[in-house]
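So, here come the structures, one by one.
In the two assemblies presented below, chain A is common to both, partnered first by chain B and then by chain C.
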Partner chain A sequence: MSANSSPTATTPEATTLETEVLIIGGGVTGAGIMRDLALRGIHSLLIDKRDLCAGASGGNHGLLHSGARYVSTDPDAATECRRENSLLKRLAPQCIETAGGLFVAVEGDDPEFAERFPALCQRAGIECEELSPGEARRLEPVLSEKLFKAYRVPDATIDPFHLAMLNVDHARLLNGSIYRPHTEVLGFEIAAGEIRAAICHDHLHQRQLTIRARQFVNAGGAWAMNIARLAACADVHLLYAKGTILVSNDRLAQRVINRLRPPGDGDILVPAGTVSLLGTTSTRVEDLEQVAPTAEEIDRNIREGAVMIPALAGARYIRAFSRVRPLLQTSGTTDRAATRGFALLDHASQGVSNFCTITGGKLTTFRLMAARTADLVARRLGNDQACVTATVPLPDDEASSWADPAAAPKRWHHDRDPDDMILCECEMVPQSAIEQVFANSPGIEKERTIDLIALRTRAGKGPCQGSFCGIRIGSYLYDQGYYRDATGLAHLRDFLDERFKGQRSVIWGPQAAQMELAEALHCGLLGLDTLKDE
Partner chain B sequence: MAESAIASINFKAAALELLPEGANFEACLTCGLCSSGCPASGMENMDPRKFIRMALLGMDEELSTTPWIWCCTMCKRCQYVCPMSIDVSQLVFLARGNWPEDRKPAGIVRSCQLATSSDSTSAMGMPPADFVSVVEEVLEEVRATQPDFRHLQAPIDRRGAHFFVNQNSREPMNEPEEMVPLWKIFDVVGADWTYASKGWAAENFCMFSGNEDAWREVVRKRVDAVNQLGCEVWLNTECGHSYYSMWQGIERFGLEANFRLESIVTYYAQWIREGKLPVNSRWNTKGIKFTVQDPCMIVRKAYGDSIAEDMRFVVRTLVGEENFVDMQPNRSANYCCGGGGGFLQAGMTEHRRAYGKRKFDQIAATGAAYVLTPCHNCHSQMHDIGRFYGGHYGVVHLWTLICLSLGILGKNERIYLGPELRG
Partner chain C sequence: MKDTPRHFTTQLAVIGSGIAGFAASIFALNRKIAIAQVGNSGALAYTTGYLDLIGKRNDAVVSDPWQALAKLRESEPKHPLSRVDAGDIQRAFTEFTDFLGACGLAYSAPGAGNITALTPVGTLKQTLCVPATMAAGPRALTANSPCVIVDFKGLKGFSGVELAANLRERWPQLTTQRIGFPGMERGEIYPEVMARALEVATTREQLAEALNAVAGTATVIGVPAILGMHRPDQVRAELKRLTGREIFEIPTMPPSVPGIRLRELFQQVLPQKGVSLIPQQKVTSLSFDGDGATLALRDAFGPIRIHAQAVILATGRFLSGGLDAHPAGIREHLLDLPVTQAADRADWYRARYTDPRGHPINSAGIEVDDSFRPLTREGRRYHERLFSAGVILAHQDWIRGRSGAGIAIATAFKAVTEAERFLAGRQAMFPGAPPVQCH
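Right after this comes the complex of A and B.
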């Protein structure tokens, strides 16, 4: 990596940082903006109060929509999805599995809607091929016998973590743009209609941080309205819809399977490497911070999903998660019908001239959202370089691929190095993965933690949900001297707490046995439940 | 000649089909008890847990081709300790059968071919006529040289005998005098028994090679032989996998067997309890220490702990309570010695000995001078690793010690005894 060009940030120890553009929010959009700007030669600093994809970016199906999902409710969003889908398949194939998708109608679903579907797809330019029920069931034997209509569409899956990491990495390599996790905006210094600096709290070092920039971008996702208000901008209106998704122990279907009906609960099953994701529910919420799956949401997803795929009723689930989606507020519509489009607000009417907010939208259209935002920011900076993210492929990067489901076991098996001990047995993440991740995360030398690894590899995401790998990775970090005091234990506890949050709503059957074992290890053996905070 | 390709098995689907609900790969808690107790862990960078995970992760090609399946002896200890009772061995068996014959370890394949090539079902290819003449010759010699046994019997093809007695080929082929102690025991208890010229052999390497058709063929010949002679009990002598392959073969292939399957070990115990075998430990004046090896095939994989208890009763009676030292762990939790699953014939000497190190350490820790075991593969493997790792123990069959205790062990029937017991 070469340190680069014009206004670069000062050393990490300084309490004031400088950059051209401060991007707030480390979701895929923020990461995409960072790369887009870097490709135009603009230096940026990306911050997140937690870490990459901590919000809706990391809490969705990982579905790269063909657009077919929205043909009835939001034709514009459908068309956008169709374009971005084919662009990303070409430009970021390393994050994508071209699994293909099926839309299936089962007894009780509206036959008229099913009949209209191909025409709706055609209008949005989306390929749609009808399959006989028999053919569909041959492709996906888990499908219900009560299937009466099936179409094939070019849905795919995309790994948001891998995607965000590659965007950040590319920006860093291009011009030394910097990503800082655990940095939260508390307020802005505004003078003469311009934001001068963002006042932040650095959660890692427990200190205040001032970040000076010429342009400020709010890519806060569900938090965008709150962040805009810190700059006295009252023109962001969001609704919050909580969605809950279940993760099965193994991959139940090869393709994305969508229920052929207007969007509803539990109507999509998406493969993610070695597991399947079932969801989602949609519930209006007010609170952004306290979102956890409820038993009722789990039941609803499984009940609905099992109509389409009966095996879902008896499948083993290892985890569930909930995130809040920001929906752009429009009057008189339901949340399901609310636009899945995005909004870019320049806040010119709010008395600040160097601040903008990008929110709404969806994972599939993140590149487009980043492009529109970067266009505005570049124009304001007097940079006339055009967006090139529609043509420049996303470079590959070995360290980031540890986030990819099923990549780790293949690499481990290929390398066949008995000295490279496996730390996470479920997902087969070896020691070398950890060292690669550290090497690829400059600026966090003091924070080589379990959480950092868990986010950037598959560790903790298998059936044991961190029971064993948490201890092994923790031990490894102690062995290597990254941890020297009780901090590692506290981190281990926090990591396991987080995994437990995901498990508590799906504890039955074999997963209940798994939890008993986890409790014996974590409380009985390590006494993490009695650990005192320093 | 180019090697044949190994087709890919869908292991996840196969496990779903073969294993019961609740004990499927799906139920794995990834706790690793299987791996920590598996002597084949680490070989070829594999272990049982990795096998399960790789299956669930869809690594079918890697699993289909890993040579580890020939290091796993299918001893089922992993299943025994698994809190969810997941059986990896069935999938290993499937993978073995999936290898083209020319890629499988040649020694196992050859032993299977020999077994199917004659009516003897002998893995060493000994034809019926040769077996009959060896038995007759040895019998004649005993009658001539050991006056107490001048009327000793070794009947062959005697219809209606109670016991149909099988025989591991190793004795008639390589050390025929080792057959004699068993005949003497039958003589002492007055057993109504017979050998058969057909289907007499014990070994079944076809099972180890994963060749179901050949496994069935071998078992079918044996079942036919017992049915034809109208015997009530097929008595498995001191050979482990012969019992398991026959018992499982009959179940698996739905063969009609008009007889019971029994192990000689339970009869040793019964005859001692009944006073028919008046053995004791008074001969062991020097306090020689003994341990036992529980053969996986008859203990963990078949009878369970009951036969392990019978064996201990027999051995304690033979050597004296104070001279018996158990290995740890033992009974159903015992480690496979590394001679099972065809490992001895697989030509993977380095792997096999590495596997056997755990057994060697277990034996060494007992400090015993002898290991007793009613299994030929255990016998050969423990003998080999004992020498390889510089151990000083001997390995003997139970029949040797029984005859020793009864004072009827012939001079040339002591090849596995040390100088202090050669007499």
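Right after this comes the complex of A and C.
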């Protein structure tokens, strides 16, 4: 039998895992489903072909919508957002900054739309308070002098990485549910109208993995259509909208600032810790894997954003990224107007009885999406426990709070051991944070890497983008014996290559100087461009 | 009052205070040319102290830079190093390192081949000249001498364990130890502070004692580059005597002590030798008329005008402010000289950061003629009095080529030679013109 003859071919290294529910996709929705099921006593295994929030969950501006953005285009989504916004502020405050938001209209924007806005908010139950242009500019001095209308709404910001980590950690503590990164589904074993197992590839150990479960959940986000097709389900129809967002070096405003007009390019600036995020262009794409910001998208975001906030034209940007958002396909609408609502498909019509797909939606409504999915899964398992995620607060966990942009500087002022050295000076991440992250990531003893630290802390996210802290963290990991050979340098190179993808499209002004210094250090001195590949 | 400019008159004005600018001043000084040098020297602190000529070519390690230079002439005739005579490059390195040695910072002389030098993560790089404080490292590596790398508690980003792990195959006799730095046992410590502390005899004695306690059977000790700031060779000799072992430095992450040593040496020595050095200010304008060039700048005491017969532009790239990268294109900062560059910003960088081929933006720069005079869009000399040197020049990637100091020193030598020829011509036309005036 040839090794490739069928996906179920067993090789000596093949391993089989068992669980009640296999959840495919480690975005916030998958993580939310994992916790929701655990709260009902159901064991699950969550896998992601990369790692937590590698798709749209980690590639958005981190806005916890008040709902006001959708009052004109999608009133139902607006109402959903409003409800989830206030629930999450109560239940997961550690992931949220209640920054507040403004909607502002500037010369040239439609005054009629601006006038109608409060009524539309009211219809969706969203608080909306009018401010005089002078008052708005007092609150946010970066706003354009050409401002003529401003409203205050309860927008907030939410850290999706922190959120996903806390959901996963809580599920693990509740009933030992397991999260496995770098595990990709290749196919399903289907018999008598049921999926019996998912055949996966473990990218970390380069081996095949068979995962047996009673229920299978597809929370693949933009990849959901592809995953559904692996189970011969042809009823998932998605549009792919590529969104491009820029990250500025400084926090330009305290509040979320939205352009008061129908959704468009460069119409929102969202604060996140010490930086701001400017978004978002929307472009239809076909390819899910090859998405990078283009110079044209960058320029368009800045040009549009600068109408509302002139300082954006000359601001220093440290990153730009693009992600694909899955939009549910409905006929005859534009991408902007396509529903931001979500869909749960039970696939009963497709001949499989223990598989479902959850897709569409948005970060703000992840809990609701998880609840609906878990309801279906629990029912199918004969479990009659009700969803409790609308009432049980998300427990805190110190280790994952290192992902929170505001946490490290706060801690810096509290307890400071002079021997606990700051490895990432831009974001104040000390050695002890690394040990905490490792201590709280059981089952990954073999993967105590620069990448893990980068994912689970703010390290490398500041102005130097890991140029210096990557080296310091690498040295620390060698010191502690986590690296014993050239692997550490290869990981350092890969980490820098990965950070660069996000920097590449915004390298001008001071960033070009920063990049010259970084390259002189990493390549000119350390020779990371000539490491022998093992 | 404070807005009345102070006027300086000189023969040669050097704009830029990196390796290229300082090399130009040194070469001009040796040729008895009166010099004023201006420009921020901040980026010097980012150098490691190694003086590379060509360390890599087409992604291959270069052990013979002179042979690589000959090949470069054939394959890349526009490369700045291809446009300087090989003998002149050798003379330039010798003159530069001799000058440093005479000022108390000994360097190895340029040899027939590259030196295999250590990096702070335990990789190796090819370089032409190293500070005397670092020379024993490459020797010990080649000989596989029993060696201990001693690093320090609180000095982050420098791990002996990492060095040893990455050098293990190449250097089996390498071990490592960690100690506290005398008087700085707690909290974070910085190379510059350690280096200045080692200028004091008691600190050296305490450090020697601590080194002896951990050195065991090692005959050679490697430490991060912290062996003094102004008299590193004496500090090293003293520690060698106290420990009875060979001692060498390994570069640290920038800002590094060897870079700061160079900067402090230039800033101290050049004015003593008669260079009008205004190191922390940027030239705001440069203009030419029939009589010469006028540089405008300002310091804490007010505006300054420098009138010079010739000018060398050695302002560096983005880090030093010689070039500006705008979203719409790359521009030369001071004169808006045309910059050879990719047509589209999207092509500045390749997809992969560590791509061994390097990024197209690194080869962008200004064009010069064979006398190293910058060219206009039409391919004519911008001005007969203007010369240029250093990594601002187009058609080179000093990072991937490991040739930053080489380009700086070689082109500074060439630019000074050409400027000298020009000045000699003027002198012949106007005999008796004073070489320098300050009023």
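Going forward, the second predicted complex is superposed on the first by the 519 of 534 C-alpha atoms of A that agree within 3 Å, B and C clash if a C-alpha of one lies under 4 Å from a C-alpha of the other, contacts with A are read in each partner's own complex, and residues count from 1 in each chain.
The definition used in the following text is that a contact is a pair of C-beta atoms (placed from the backbone, for glycine too) under 8 Å apart; a residue touches a chain by one contact, two chains touch by 3 or more.
Please read all numbers here as calculations on a predicted model, not as lab measurements.
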Which of chain B and chain C A:R82 touches, first, second, both or neither: neither
Touching partner for A:L517 - first (chain B), second (chain C), both, neither: both
Partner with the higher number of touched chain A residues, chain C or chain B: C
Touched partner set for A:R40, first chain B, second chain C, both or neither: neither
First (chain B), second (chain C), both or neither touched by A:R472: second
Contacts of A:Y483 with chain B and chain C, given as first, second, both or neither: second
Touching partner for A:T294 - first (chain B), second (chain C), both, neither: second
Which superposed partner A:R367 touches (first chain B, second chain C, both, neither): neither
Chain B versus chain C as contact partner of A:T274, first or second or both or neither: first
Touched partner set for A:N249, first chain B, second chain C, both or neither: first
Contact residues common to both interfaces of chain A (with chain B and with chain C): 418, 422, 468, 513, 517
Complex interface listing, chain C residues touching chain A: 46, 48, 56, 59, 61, 119-125, 153-154, 156-159, 161-162, 165-166, 168, 186-188, 251, 253-254, 317-319, 321, 324-327, 344-346, 348-349, 351-356, 358-359, 361-362, 398-400, 402, 404
Footprint of chain B on chain A - complex, ascending: 249-251, 274, 316, 406, 409-410, 413, 416, 418, 422, 425-428, 462-464, 467-468, 510, 513-514, 517
List of chain B residues in touch with chain A within their complex: 12, 22, 26-32, 42, 45, 49-50, 53-54, 56-59, 62, 83-84
Contact set on chain A toward chain C in their complex: 292, 294-295, 298-299, 418-419, 421-423, 468, 471-472, 474-476, 478-479, 481, 483-486, 488-489, 492-493, 496-497, 499-501, 504-505, 507-509, 511-513, 515-517, 519-531
